[in-house]
Each structure stands twice: as C-alpha cells, then as structure tokens.
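Chain lettering (A, B, C and D) follows the sequence in which the chains are written, and residue indices restart at 1 in each chain.
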Amino acid sequence: MPEVVVSIGPHHPALKEPVNFKVVVDGEKIVRLELDLSYNHRGVEKAAEQRDFIRVLPLMERVCGICSHSHSTAFAKGIEELMQLEIPPRAQYIRTIIAELERMHSHLLWLGVAAHVIGFNTLFMWTWRDREAVQDTVEEMSGNRVHYGMNEVGGVRRDLTPAQVTAALERLPNLEERIKKYVDMVSSEETMLIRFRGVGKLSKEEALKYGTVGPTARASGVDYDTRKDDPYLAYADVPWNVVTDTNGDVYGRTRVRIGELWESLKIVRYCLENLPEGSIRVTAPRNAPTGEILSRYEAPRGELAHFIRTNGTDKVERVDIRTPTLANWTSVAICLVNQNLADLPVIVAAIDPCLSCTSRITLLDKQAKKTGVMSLDELIWRNRSRDQEQVRP
Amino acid sequence: MSVLREMFENLLSRPITILYPKEKVPIPGAFRGRVAITDEKCIGCSKCSLVCPARAITMIDGPREVEFNGKTLNRKKRPQVKLYKCIRCGLCERHCPTGAIFLKNELSSSGTDGEIVVM
Amino acid sequence: MTGPLTLDMIAGKMKEFGNSELVRKNRIRITTTPDKVHDTIRAVQAMLGCDRLITISAVDNSRTLELIYHLTGPHRMIISIAIELERDQPAIPTSSDILPPAAIYERQIHDLFGIVFTGNPNLNRIMLNEDWPADEYPLRKDWKPGPDTFYGGIKVERT
Amino acid sequence: MTDPVSGLIYILIFPGFLFLFLYALFLAFLDRKIAARMQQRVGPPFFQPFADFIKMLGKEVIDPAGVDRVIFDAAPLVALAAVMTAYLYIPIVGNSPLAFQGDLVVVLYLMSLPTIVLFLLGWLSRNIFSAIGGIRSVTQLFIYEVPFFLALLTPALMAGTWSISEIVIWQQKNMWFVFLQPIGFIIALIGLQAKLERTPFDIPEAETEIVAGPWTELTGRRLAIMDLTVDVSFVVGSALVAAVFLGGPLMPWAVTPGWLAVVVGFFLFLAKTLAVLLILSSIKVATGRIRIDQLNDIGWKYIAGASIVQVGIVLVMNYLWVYA
C-alpha cells in the first residue's frame, strides 16, 4: 500500500491549540511525522528584551495560561540569583504552594483531556469538576484563577492570611479523597487500560536519548526532576519523593501524573502547615549586574529552562525560554512510529502539549513596535479581506 | 466498578454546576476586579503608568490640590485607565505610594472598545 | 560516573577543547571554538557521562552570535559548551547526529537567528510563518521591522 | 386493518410517525439528561432536541466541492424512511396490524440501512476524515451485525416463528426471553449500542481522531435528518429489544377490555424502552472509546462466540423442553 500523508491540524478537535502534523501513514500504521508549530508565534522573547523587570513578569506569566506561575517563577528566580538577593523563607513557601497547586490543576486538566481523547467523557467531567476546587483555592489566595500574579523580583506580591491558610487546608481532605478515587480508577477501569497500555512506549534509553523531560521521562524510569536535582524554592525543606514508573507507555505517564498529584498535595499541606513567619519580599535593585544564568524549574509538563543574559541595565539582553513541550516533541515523533493512527491523539496528548508555551507569543505590532489589543472590527475586517483574497483567482 | 457506583450516586444527587445568573458565585476577598482610582488620594506621580505592562494607564491633565504627608501639593496630572486594555495584574496597586489606584472587589466586564476609560 | 563532578576533574579532561570555569554551584561552562564543538559534545558525552541535552541557547551580543549547549547527566551538573559565531553568514555543523533533540532547537535557532546548521536534515521554518522574509531574523539585535512590510499575523490597532 | 382511516391514523399519528418523532426526540433528551446527571452536570432542557432539529432545518446547506447533490440530499431521507418503516412492524400497543411471518428479518434489515447510508455519505463527502469514518462504520457493521442478528434470532428459534408479534405472544404464554436467554439479551444490548454508534462503539465518528467521521460534511437539513434517524433508530432498537426479550406490550395475562389492553400496552412499552435507555446510557457514560482493531478482537472472539454458544443452548433447550 502506498504511503499517504494525512494532514492533521491546525484545526482539529483533538488539538486544543493550533499545530500541524503531517502524518505519513501506511494503511493504519504511522510511518513518519512532520511537525509545524508556526501558528501562533507571538515574539515574547523579543518583547521581553524591551521591558524592565517589573513589567516583564506579567508578560512571562502570559507565555502560557496553565503554567503561568512556572514561567514567572523561573524568570524571577534567575534574576534574583543574578542580583544575589536572599529571598525570605515565607516568600519561598508561598511560591511553592502556588506552584504545587498549579501542578495539581494542570495534572487534573491533563487527566481530563486524556480521558476525553479516548472518548471517556465522564472522567473528563469529573476531573475538571475537581480542578475547580484547586482553582478556587488559588483564586482565594491570589485573586485570579489562571494568571496568579504572585511573583515579583525579590519575593511575592501578596501575603497569605491565616484565614486563607485555614480555608485552603479545609479543602485538602476532599481533594485527597478524590485523588484516591482516581488512583483506583486508573488501575481498574478497563476502557482506560485497554487504550493506554502499551501505547507510545518509550524505553529508558530512548527517553534519555531523545531528551524527554517531566512526567514523560519519569514514566520511562528516568528520575530527572529539577526539584530534586537542583532544589529551588522550598523543595529542599519539604519531604517528598520523585514519582517514577517503569511502564514507559501512556499508562505509565498517567500513573506518574496521578502519583505527582498525590505528592503535590503532600507538599501543599506541609507548606501550609509550616508556613514560616517573616516578611514576604526584599527590595530589589532596579538594575541587574551583567551575567548569565540558566534558571531551571520543574513545570507541570517537565523541566522548564530560562536562559537569561543581563547587561547591567533594567532590561534583559536575552531570555531564551525552552519549554517542556518543545523538548518532548522529538520523543513524540519517535513514539508514533509503527503505532495506529487512532492512537495518535492519545500519544500526542500524553506529553501534555502546551503549544502556546512552545510558540511564545504576543501581539506585536510590527509597525508601531508596540503591543496592544486588536479591535473586533479590525479582526472581522481582516478576515473578510482575507476571504476576498482567496476568492480572487 | 468505582465508576459505576459514582455514576449512580451522581444521578441521585444534585449537579455541581452553579447556574450563574440565577445563583451568584462568591467572590473571594482577594479578588482582582475592575480598576478604580480615588482622585483625592492621587498625587499624580505617574508610577502606575510606568509599571503598567499593558500600557493601559495614561497621565492626563487634571490640575488640583491634594494632601500628602501633611503637605498640600499642587498636582497637574492624573491617571486615566483604558478599562478594556487593563489586564488586572495589580502592578499599579502594588506600586502606588498612596493607595489611590486599586482593583475593586467586583467583576470587571470585558470588551473591545478601547475608548472606555476609568478616571 | 554518578558522583558529583568537580571543576578540577573537568578542567583537566577538557583542556584540549577550551577553558572551563564554574559559573554557578552546579554549572560548568566550557568555552570552545565552533570547529571543535562536535568533538567537545562527544567528549562530554563519553568522559563526563552527560546523557541529556537540556537546550541550546542562542544569544546575540551585538558583536557575535553565541551558541550555548547545556547538557546534563546522572551527576546532575550542567555542562554548558559555549561558542561564538561570526554575525556574517554564521554556519556550524549540526549536532543532531549525536544529540537527536538538538534538531528541533537548531531549527528554531535557524528560524530566529539565521544560524545555518549544516547537515541538519530538516531545517525548515518552525516558529515563523511561511511568508516571512527570507533574510530577516527577528531575534537579532539589529533587526528592525520594515516600515511597509506586513509580516503576517494580526494587525494591531495603534494608539 | 380493513378500515382505511384507522389504518392511516395508525401509521401517521399514533403510534405511528408523529408519536415516533416526538418520542425519539424525547428519548434523545432523556439520554443526554441522564448522561449529564451521571457526570454531575445539569444537562439540557427538555425541548433541546426539538430546538436543535428546528434550528438545523433552518441552517444553510453547504455542498462540499464536487459532491453529487442529489445523492447527498436523498441518502439521509432513505435512512430515515428505512428506520421509520421498521418501526411499523414492532408491536407498540398490542400487536402490529402490519405483522407478517418474517417481519423480524425485515426489521433487522431495515435497521442496517442507516449504517450503509453513513458509509455512502462518508464516501461521497470527498473528505479524508469522512472517508475514514465511512470505512470504519462498515468495518464495525461486519463485526457487530453477526452477533446482533444471532442474538435476536435465537428467540425466534425458540418460539418457532419469524414474526415479532408472535414472539411476544409466545412470551405471554411462557416466559420472557430475558430470563430464558440472558446471554442473548446482553449481546443484543451491546449490538444495539454498536448499531447506534455510541461509546464505546463510536469509532466511526470518533471526535478526537477523525473530527466527526461521515458526519463531518453534513450540514443543515441533511444533518437534522441524519440526527433524527439516529434518534428514531434508538426508539426502534429499544422497542425491538423490549418486544423480543422483555415481553413487548403484553402483560403476562390477558387484559380485557380491549381499550384497557391498549393503554396498559402503551405504558408497558414506555417503561420497557426507558429501561433499555437507562442501560444504554449507563454503558455510554461508563466507558471510553475502543480502537477498531480492539473491537475486531473483542467482537469476533468473545461476542460472536457467546452468541453461538447461546444458539447452541437454545437448540438443546428446544430439544429437551420446548418441543419435547
């Protein structure tokens, strides 16, 4: 049978964000995968070079909606290290709490998406329902559900009141019970086992060779976890374990993520109960000294690396964001070879792709060299003119 | 089996959805909502317009006298926020020396009209 | 090689490739030249047990273009191999044959900085749109948007 | 059926097409509502399927480039006509006046037509997702059709007749087939679920893989008619299962006078179809989609095997008990 190219995306129900796969298939089997990410490049890295440290953090948060705290913490952590600031422990703990709550809501979201991809919509509804509880907790602490805005260079912006701590602690037992149920479901629910087991298998050697990060790597038995390798925030003080699995397939990745939900819950509880007293920020100088730093952070999807170069001013000279999804794409192309076409959405979803991170992005007006919003009329006008262009021969 | 049990438990219990316009969603105390400016407190220092990442705040002419630290200052400028450009990051609130600009604890609408302003 | 690496251990082994320095408590930077980068990566992989590429960072420092390969391994130290390239027609042999994940980072750097990685099998556009002008590299410091060029994407209301 | 007016009323109004139309949309609502409540959602209001139907009738019909418009318009109507015809042979309020020897086979045949029409639509759409979906729907048809037919024909084997109405009467005299042939009942439910292309058998229209399969290019009234076809199939299928396995509209004893029998029969029909609906909705909520190769394995290894075992058991029972 001849090879056929199936073009999936940029608009496809399995993809939550635009990406294009040119899948070369031979019958039902996948032979090769070509990838095009260029659908929403926003030029965040260029825009970050033109903003001072105060104004760049909201921009960093908006690199991605789900891991907004990851990006801003990675950036703030790097700048603080360059400025040689000592961050008060209370600020570190608050950052850790938000980070782990973010990981929980991201993993619950992933579990729902994975269930939706195999058509198991019930689990999708249930996990997203439980995710609401996590987001409500974050909203009570930071005032927002997604872009928390908790970080600033030198500490955190908002303190946790005792009432907030108690409210958050009260929510945890309920979540704990739900996570126990999911652990049970994943190991016993036949429809999930039948679709996840043995799909997208990646051995330990392959996982290392193709540079996978995060739960994808840990499912193959690679115990790289930045929180342990290079402890930042409060992770050195908190007792927790790196979750690994030996299956290496989508089932293993599910188990790792659910295990991490459990660990995150433990970390959040520990941090809330042992929140140190003290100030929540130190005053940061306006300028950072010349230097370079590779700031690594374990985002929910894997290791996030911000390479920051400063030049003595209040702006960065270069910030290079390596997102976990970009690191995992190479392994996806390998996983997919010789798999069924029907398994493509599952395998792609298993790395939890976050494309808005990967093609980093802001509305950059090339002519006015300014960022801004676009009016609805203009969008309609543009679309209309584009349609007319296409109609014209 | 745990799925089956939970399914039938759910069938007999109430749905979790909040029917929004009928039921009100509780707004937490720390909520970051619509931006507001107290004109009497503002000393016109322009800090908010400098830190605003969305460049939603511009300083416009507004000559007036304000009390600050026991002194009466003669100020020429005051901030004006383009409401639908505001991303509600709260940086203006954080950097305001007098607490004149702040995010209220109420929902902010969203829209496309760039000309709607809060003063 | 699972124990922690020290600067002394590395400086001796990597002397032929370039100068090693400890830039952070767990990051060692090896400065080398473009023609040696392939051998350096091989040596780092073989002698220091680095089995994973974290990322390739590219920086435009207004004089030259810098490429920094960050590798790590079971010892959890980061080995950064830094090189500098001329701004005019920068080219360097690809490292995707020894480090498979490098291919996608090289593609990205090629797109945004215009560094040609000779031997990379698939050096197509990845970040920018297809109708982007061929010789404009937006992350270079001297790049300015052309006044009358529309680069695709969405037009923005100016205020 | 000598009086033409009552005959027309039977076919067109009650329990014919008008009632069928309303009841099909009501079942579609109930299915969605039950699924929603099981997932702790609110679910749609009761008029949602009606509103959808009317809205889609009014929407623009878009022809994909290069399709044969006549066939594309006609195919959904053929599917709808087929399942509506099948409905007439199923006893709803007492025996169907159109019943004849062999109507069970006719009903099964007519119920397969929508799948063939879906394949045709997928193939005609000139869209790769539709084509894949069409091929998948036919592949799936070959897998579930054999066990489904066997499961529904075993009651006929035991009752010694090919008429649904007579099978119902046989059950009134003896016992419901759900107790006599539990394996067959389960297989019939699974087959019905697969025929209606609901999870875990929604492989042809797997949303996250092939957009909507054969439905991708359907718009406006074509989509409305095709949706209605599926809803009507649901009623026909559950009524068929209720008639063949659950004793249909007849009480285990004779009810007099005649008008009371009609009323009781109608409520029994409602209760039994709703019971089938509840089971099918629970299956839909409790499972995810399986792959076509996995369905092939499961279908031929276990389901077809079980149905053959059921046939064997029935033959033995016939030999020992029924005809002894």
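Some observations on this one:
By our rule, a residue touches a chain if its C-beta (ideal position, glycine included) is under 8 Å from a C-beta of that chain, and two chains touch if they have at least 3 such contacts.
From a predicted model like this one, the values you see are computed outputs, not experimental measurements.
The greatest centre-to-centre gap from chain A, using C-alpha centroids, is found for D. Chains joined by the most contact pairs: A-C.
Put simply, the C-alpha centre of chain B and that of chain C have 42 angstrom between them. Chain centres here are Cα means. That of chain B falls 55 Å from that of chain D. Mean C-alpha positions place chain A and chain D at a centre distance of 44 Å. The centroid of the Cα atoms in chain A and the matching centroid in chain C are 23 Å apart.
Of all residues in chain D, those touching 2 or more other chains are 38-41, 285-286, listed in ascending order. Looking at chain A, one finds that residues 122-123, 126, 129, 370-373, 375 touch two or more other chains.
In chain B, the residues touching two or more other chains are 3, 7, 16, 114.
Interface of chain B with chain D (complex): residues 3-4, 7-8, 10-11, 13, 15-17, 19.
On the chain C side of its complex with chain A, the touching residues are 23-24, 26-27, 51-55, 57-61, 68, 70, 72, 76, 78, 80, 99-101, 103-105, 108, 112, 122, 125-130, 138-139, 145-147, 149-151, 153-159. Residues 6, 12-14, 28, 115-123, 125-126, 129, 191-192, 194-195, 340-345 of chain A touch chain D in their complex. Against chain A, in their complex, chain D makes its touches with residues 38-41, 128, 199-200, 202-203, 206-209, 211, 285-294. Partner chain B is touched in their complex by these residues of chain D: 34, 36-43, 282, 285-286.
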